[in-house]
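Each of the two complexes below includes chain A, the first together with chain B, the second together with chain C.
Showing the complex of A and B:
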């Protein structure tokens, strides 16, 4: 189960979070977890639009070595990248005039959060939520 | 895809049902419509019902806060009503709390709160 959504405009961000919620539901995630996942996808997809203009969101079902099922979301773009990752992950810090809570908030909602960013090349953020057995 | 968001008026209270997946354009128009209605019809209170909203992210959070702030500046009180349990849980974990906005369980209870605050002459907030 893999879904790839190209992000060019606001409707794509909405579509991505809807697809993420549907997949989470299919995998048996609770309503609260579905919502945590949908918020996170929404934040990452909107960040792509704000900072890079375009990019993609990939949502896939994954399995851990311990046979746990999860949902993995990777949001990537070829935008300007983030020069100070530590700042970007700080509550209340923003370089766009937003609320500055997108990344730290997403990190709190997810089980795993990984970010890779090269200035001038782009940003790739991977998040995971595991189904508790 | 411009869906019209209906604004109902009951006495001097506006009731707006916020739909999920509100876009930038729709949000801008809705803010504009609400503020004009407040001025034109001498509105005392604004109820933003979010019972069909399935998540509040930073975008939706900002829209609702802005609507409440703008209405307050004009002299109308805002109540947000109908939040689902899972929306409340996920939004607080995410980092939003709407601490400065009045909330109520249902539209009816929001109406009651507005009536009480009107009778007591409590200032909005």
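Showing the complex of A and C:
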């Protein structure tokens, strides 16, 4: 189960989070976890639109070596990148007059959060949520 | 399929013959495309398709991706747009491809009569090659329909950010559906206009029908509430579902500056209570003054 959604406009961000929620539901995630996943996707996809203009979100079902099932989301763009990751992950930091809670909040909502960013090249963020058995 | 390759090549070199047979068959079957275009037009549209398909079968490239074949992809996008435009269904492509399959099956049987053991492999290759365009058609058709549905629901949403006056001094705004940036702006504008018009001092903002509240939506709610306050109206936010509330807390979004109540009824009860206290306070201060 893999979904790849190109993010060009707000509609795509909405579509991505709806798909994420559907997939989470299919995998048996609780309502709260479905909501966490949908909101995290929404945060990453909206960031792509605001800061990079366009990019993509890939949502896939994954399995760990310990046979745990989860959902992995990769949001990537070829935008300006982030020069200071620590700052970007600080509660309340924003360069666009937003709430500045998207990245740090997503990190709290998910089990895994990995971010790679090269200035001038782009940003790729991978997040995971595991199904607790 | 190497042994049969020459035979296949021969078969597919004869594209005009296949095309003739295919078009003939589509006519006989009364294919839906022909309700919207002439056979000559359909033939022209099918030319590229047949060429691409033949090339894929010949090169044995059965595991290709439509996305890696720009010519084929463009062609299929054209079919999708046409189908949506003509109001044809998601399955419109199926009889069209099936018809070609039928022609190819017969040609293959004819062609490989000397080497029938090659047939299963040749069939399977042909099926595989023809399946991808069909899958692509369906998914891009659905994506297109989703886009249409979305823009329609956006249009409805524009009509449906209603502000209802439910009491003297009290207006309510029940929000339903996804909130994006442009909708957030409309909500704010509609509400502020209504406050000015009705001189309302209380606003019930109900988000029971809003599926997702991310930091963007939360921010626009906070801004709306603050703007209303500047106009002298107090907002009460109702209908935050428990899982949304829980997620917002974890996100670190602070709605602490906004009065929230579980549902619309509780919100209204709260407002009526506030109105009563403030009017009795006004009454008390009046009696104090007069004494």
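Quick note on the criterion: the second predicted complex is superposed on the first by the 133 of 133 C-alpha atoms of A that agree within 3 Å, B and C clash if a C-alpha of one lies under 4 Å from a C-alpha of the other, contacts with A are read in each partner's own complex, and residues count from 1 in each chain.
Keep in mind that, in the parts below, contacts are C-beta pairs under 8 Å (C-beta built on N, C-alpha and C of every residue); 3 or more make two chains touch, one makes a residue touch a chain.
All figures in this text were calculated on a predicted structure; none of them were measured in a lab.
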{"item": "Fit or clash - chain C, chain B, common chain A", "value": "clash"}
{"item": "Which of chain B and chain C A:11 touches, first, second, both or neither", "value": "both"}
{"item": "Partner chain in contact with A:27 - chain B first, chain C second, else both or neither", "value": "neither"}
{"item": "Partner chain(s) touched by A:61 [first = chain B, second = chain C, both, neither]", "value": "neither"}
{"item": "Which superposed partner A:35 touches (first chain B, second chain C, both, neither)", "value": "both"}
{"item": "Contact residues of chain A, present in both the chain B and the chain C interface", "value": "10-11, 14, 17, 31-32, 34-36, 38-39, 42-43, 46, 91, 98-99, 101-102, 104-106, 108-109"}
{"item": "Residue ranges of chain B touching chain A (in the complex, touch as defined)", "value": "1, 21, 23-24, 54-59, 61-62, 85-87, 89-91, 93-96"}
{"item": "Residues of chain A touching chain B in the complex", "value": "10-11, 14, 17-18, 21, 31-32, 34-36, 38-39, 42-43, 46, 91, 98-99, 101-102, 104-106, 108-109"}
{"item": "Chain A partner contacts - residues on chain C that touch it in the complex", "value": "146-147, 150, 178, 180-182, 211-216, 218-219, 243-244, 246-247, 250-253"}
{"item": "Contact footprint of chain C on chain A as seen in their complex", "value": "10-11, 13-15, 17, 31-32, 34-36, 38-39, 42-43, 46, 91, 98-99, 101-102, 104-106, 108-109"}
